[in-house]
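Each in structure tokens, the structures are laid out below.
Consider the two complexes below, in which chain A is the common component and chain B and chain C are the respective partners.
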Partner chain A sequence: MIVRLLRRLLWAALTLLGTSLIVFLIAHAVPADPIKAFAGPHADKATQEALRRELHLDDPLATQYLRFLGNALRGDLGRSNVTREPVIEAILARFPATLALSLGGLLIWLVVSIPLGVLTAKHRDKPIDRVTLVLATVTVSVPTFWLGRMLQFELAYRLGWFPVAGLFSWTSLILPSVTLGIVGVGYYARLVHSNMLDVLNQDYIRAARARGLSEPVVLFKHGLRNACLPVLTVLGMDMAGLLGGVVFTESVFALPGLGALSLQAVLNLDVPMIMGTVLFAALLVVTANLVVDCVYRLVDPRIKGA
Partner chain B sequence: MQPLLDIRNLSVRFGAAPAVDGVSFTVAEGETLALVGESGCGKTLTALSVLRLTPPAAVVEAESIALHRRELTRLSEREMRQVRGKEVGVVFQDPLTALNPVWPVGEQVAEGLRLHEGLGRRAAWERTVEALREVGIADPRRRASEYPHQLSGGMRQRAMIAAALACRPPLLIADEPTTALDVTLQAQIIDLLLRLREERRLSILLITHDLGVVAELAHRVAVLYAGQVVESAGVAALFRRPLHPYTRALLSAVPRVDGQAGRRLATIEGAVPDPTRYPSGCRFAPRCPHALEPCREPQELREWEAGHWVRCGRAGEWTT
Partner chain C sequence: MDRRSFLAALAAPAAALLPGCGHGAQSAGTLRLAYETDFKSLDPAQCFDASTLQVMRILYGGLLDCDDDLKLVPWLAAEMPEVSADRLSYTFTIRQGVRFANGRELTADDFVYAIERIFEPATKSVGTTFLRNLRGAEPFGEARQRDAEEQGTGRRERLAEPRRLEGVRALDRCTLRIELEKPDLAFLWLLTLPYTYPVPREEVERHGEVFSRNPCGTGPFLLDEWQRGQRLGFGRNPMFQGPARPGLDRIEMLIGYDLMTQTMMFERGELDLLNIPLPDLVRLSRDPRWSPQVRSLLLQETDFLSMNCEMEPFTDPRVRQAVSYAVNRERIVQFTSGAGIPAQGLVPPGVFGHDPGRKGYGYDPGRAKRMLQEAGYPDGFAVELWYPTDVPHWGQICQVAQQDLKKVGIRANLKQVAESIFNEATARRRTVAFSMYGWTEDYPDASDFLGTLCDGSKIAEEECTNASFYNNEDVNELLHRAAVATDEAARADLYRRAEDLILEDAPVCVLIHPKEYRMCQPRVKGFTLHPMWFVRYENLWLERA
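Up next, the complex of A and B:
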């Protein structure tokens, strides 16, 4: 058990290392010169060179990378090229908003899709099943930022039911959570649906009915617990997609989170900030996957060992 | 004496095809009736119809399905749920697939007890441990917390029997209870069922295609072919003097330990007819070595001697 955990942690560390290397290389492969963006279009050559030396951007790539890695392991992700604030502080200050939004999105995602999947499996080929199928296709195809803007315009601006933007109270999170979660709802509802159809054909379902158990107990206690297992595995992978949606959603709704922070960093070519936010995002995804892994082991007693 | 289970004119159709066609039988208290036949002859559907557990696409019609003289066809779904598990227990064929893999074995026994006997969690668990002990599972307290995949095949089948009989129903429907097991386990399960039957005066509706199991467990036998009962008799009478050509063919198909070595196994030529294309007369005629002109007419089930019924016009012509 401990060995398994250690092995997982090792893989997590390797994943983060690999991510940091890839991001570093991509950030430095971009043809735009960060010095030009930082110093402004009117700086003369001497200023640019001085700036370059000061920011250590004239060192060989390998040296820059190793320096970055060494600092990162000590919790120092450098300073933003733009605001000069420590990257780690900026990230931690903005993390709560992103966490709240992600959890909200996840909640909507799962709370809607799972019962929907169970219902459509039970009432197969009836109207609710067909309607859900159409909705599923639509929600998967709709871009997050478009949906966010539409909801913002209609429900917040025109009808005034929700705050338009910013993070002032929990009501500010409703529209963003819906925007974030709805993309997954359709897909997961169909996933649960098809898994439930398989499960409902199993002998143990018939055996449960033969013991006189009521239909809700049969569906949820006996059926869903089995049908959710493949959903859990997919959920681990979809965590990364969730964070991707977070970037757009935070932008549209002006939430002070990591998504907006990283978007600004990219637009400013603020390399330390880019690296910091991406690495942190990778950390979140890896952690989420570890959590899902543990939950999976709890839910399915047949999984043993690594 | 009133029979415990009384089925009259039961039919199960899928669209136009009658998978079960006018089947009638009774099971008395303490009696074991075996429904015998090849795969696809409708025996499992017949048994499932008693509890309304047939697939949604199946249309079930019956003149009467009565348990303890209570007409089951007129019960609401809610009332039916009180019959399932409490008045009738079911044991399914494959204990690995019939037990839910994500719940401990004990939970699958206890939930029935909590539901039908209103027991609290602790009381139900104690009864569960007892039930597992009664079916011969060693160290039942530990086993109750284990999952199906942690138990051996024999223990799983015992656990399923425990779950089916936990609320002490008077009738047990056993659908191929030994088919998925090897011979030694089969013998153990048969012994278990014999003991339980003795201790609890249990009635058993046994579905099987294994005539050996029939010989050991059953008091009476009904042979099904193409959705109809073609012969029904006491087990001794059936084995001593099978009347229907199908029954005779089934019995001769069983390889004998004392038979001649090197002899070809006897088979029944042809295959079970498709329910959408039953022959208009005797349904076994296309495969029957004794078929004649009169066999083109539909055959009725007639009582040939006391308690021995057969659906064949030429039944009396065989010598044993």
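Up next, the complex of A and C:
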């Protein structure tokens, strides 16, 4: 178990290293000068050169990357080229909003999609199953930014049930979480549905029913527990997708989270901030995968010790 | 209603409540507005974009200001300066009793410090571009550059000479003298820009690099909250000694809200001011609830199609003229819901050197076709038309232009690129043949338009503001003579003649002078749009509920 965990940790470190290198190269391949993006159209050559020296942008790319890597290992992601604030401070200041939004979205994914998946599997080919199938197809196809804008327009602007945008209280998180959640609900409901169908045909389910167990116990204790294993696997992989959705959702609802921070960094060509936010997001995805891996083992005793 | 009358009408209610009245009838309160992006810096030396400029005004002050009629008026100066006969020397008396937000009294030395500071590379100021004409600016700037390069190398024993900027001196506590290398009638306008706003040396040295986040000026407000990317809060400056106390207790600026979100929040009463997005303009202007609240302002800006004179097929002036005849400017205005007025020339109305009688290129597709035929393009040609992502209505303008150009055989393929890439590519020689471009005044003078956009002697391989890479010796000569002319009428005539030649050569196809549309909640009073500063928060107050 420990060897396997160490192996996973090594892979996680390599993933982060690869991510940082790819992002660094992409950020420097953009045919625009970050100094001009910062200093503005009137900056003269001397000012630009002074800035370039100060930010060490005149060093060879390899030197810049190795310096970044060395500092990152010590927990220092550098300073923003634009605002001069420490990148790690900016990230940590924005992380709570992103975390709250992601957990809200995730909660809706799971709380809605699991019962829906079980229910539609139980009532296969009945009206509820067909309606859910249509809704699932629609929600999976809807772009996050469009859905967010529509919910914002109808529920916040026209009906006034929620704040239009910003983060002023916990109610500000409801619409963004629903936006993020709806997009995943359809997909996960279908995933639970198809897994449940497989599981419900297994011998141990027939055995459970033959033993006279109640239907809820059969469905949720014996059926769902097994049907959830593939869902857990996909959930780990979907962390990246969730963070991608967060970028759009935060933009629509003006939430001061990591998505908005990274978007602004890209627009400003603020390389340290781009590197920092992407690396932090990668760290979240890798961590989520590790956690899912551990949870997987807890849920499925068959793979313990494998 | 003409523009002057319009501004006068808008200014009337504000004027009635200005100096000395103490704003007795209104309640103070918090004004809330929103921006799309955060401010990069609140150091006046580093300010260059329009939204930061408005914030500078509430935190700082300058020697001179500009009134609603675009006339220069004293601000921190007690009166307009004494100007020497040769127009090279300006002597200012500083208003007494003015204090910085930290309580220290303002002196002439603070102006000297602020101006010398922008030549320090560590300040990272863009203001040096505007103040190169100060006497001794060049050697002073070079000396500071040498200091910066040798810093930390161990080679530097003392600061390089000259250690002081010769052209800016404090004669005593209240008297400041500024001297120029060459006469420049537009110089006083440069003193309205933030680069010369005084900053207290002790605060700059105390905060170092983060002075940009800890502003300390002489303005009516001070920054008391800045959550990066979320909000800024400004409270009243208790040390403020202006002619009138500000009418607001507090200004709150929310950050990260796009224009569509801002519009929804405004209509729900969550914001007090709104920069109206063009797609919502017609709806809001026709809504009886909001139409009285809409204000518009013709910007001192010209939007145009830039044709690179060094790249085929635009090396031939007949092709460039054909483009100018092919585009229907009236249709652009209609299609963009009134984004501006059709432009006849490069220098916009209200700017010194603007020729109100100028008749530009009319819409004449037949003539455009004939000119293309004469130039050897009977079937037209294909070309990429670049435009940046950051100006929402430029995409619409380019689409209209694309349709018009197609009618004469020019197949313009639209290419939208990120702002930073656009700026870099269009300013590099022989890189972009055809692009959508716009220039907003830094100060209302023809030199800022013609000298910046069309002076061929300033063409550089990179970072060239002459995006058409247009070079006409006669135009260059006229622009250089106008820059140092000391007679206003003669100067205006030189710029008019230069613009005549430029438009004849057509390196640019001028399109529109854009308009700005903003609105306020009915409870916000004193809201007028200023041609240079747009919103002056210090003039606003809130009506009691």
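Keep this in mind: the second predicted complex is superposed on the first by the 303 of 306 C-alpha atoms of A that agree within 3 Å, B and C clash if a C-alpha of one lies under 4 Å from a C-alpha of the other, contacts with A are read in each partner's own complex, and residues count from 1 in each chain.
FYI, a contact is a pair of C-beta atoms (placed from the backbone, for glycine too) under 8 Å apart; a residue touches a chain by one contact, two chains touch by 3 or more.
A quick note: this is a predicted structure, and the numbers were derived from the prediction, not measured.
J.: Would you check which partner chain A:211 touches, where first means chain B only, second means chain C only, and both and neither mean what they say?
T.: A:211 sits against chain B, while chain C stays out of touch.
J.: Could you look at A:236 and tell me whether it touches chain B, chain C, both or neither (first, second, both, neither)?
T.: Neither: A:236 stays clear of chain B and chain C.
J.: Given the touch rule stated above, what does A:153 touch, chain B (first), chain C (second), both, or neither?
T.: Only chain C is touched by A:153; chain B is not.
J.: So in the superposed three-chain picture, is A:86 touching just chain B, just chain C, both, or none of them (first/second/both/neither)?
T.: After superposition on chain A, A:86 lies in contact with neither partner.
J.: Please tell me which partner, chain B or chain C, touches more residues of chain A.
T.: C
J.: Return first, second, both or neither, reflecting whether A:115 touches chain B, chain C, both chains, or no partner chain.
T.: neither
J.: Touching chain B and also chain C: which chain A residues?
T.: Common to the two interfaces on chain A: nothing.
J.: Could you pull out which chain A residues touch chain B in their complex?
T.: Its residues touching chain B are 202-204, 206-214, 217, 221-222, 225-226, 299-302.
J.: Touching chain C in the complex: which residues of chain A?
T.: Touching chain C: residues 30-34, 36-47, 49-51, 53-54, 82-85, 90, 93-94, 149, 152-153, 156-157, 160, 163-167, 251-256, 260-261, 264, 267-269 of chain A.
J.: Quick check on the complex: what are the chain B residues that touch chain A?
T.: Those in contact with chain A are residues 51, 53, 81-86, 89-90, 92-94, 97-103, 108, 111-112, 115-116, 147, 149, 160, 163-164.
J.: In the complex, go through chain C and note every residue touching chain A.
T.: Against chain A, chain C makes touches at 34, 37-38, 40-41, 48-49, 121-122, 124-130, 141, 145, 148, 209-210, 212-213, 227-230, 254-258, 260-261, 264-265, 267-268, 270, 418-421, 423-425, 442, 463, 465.
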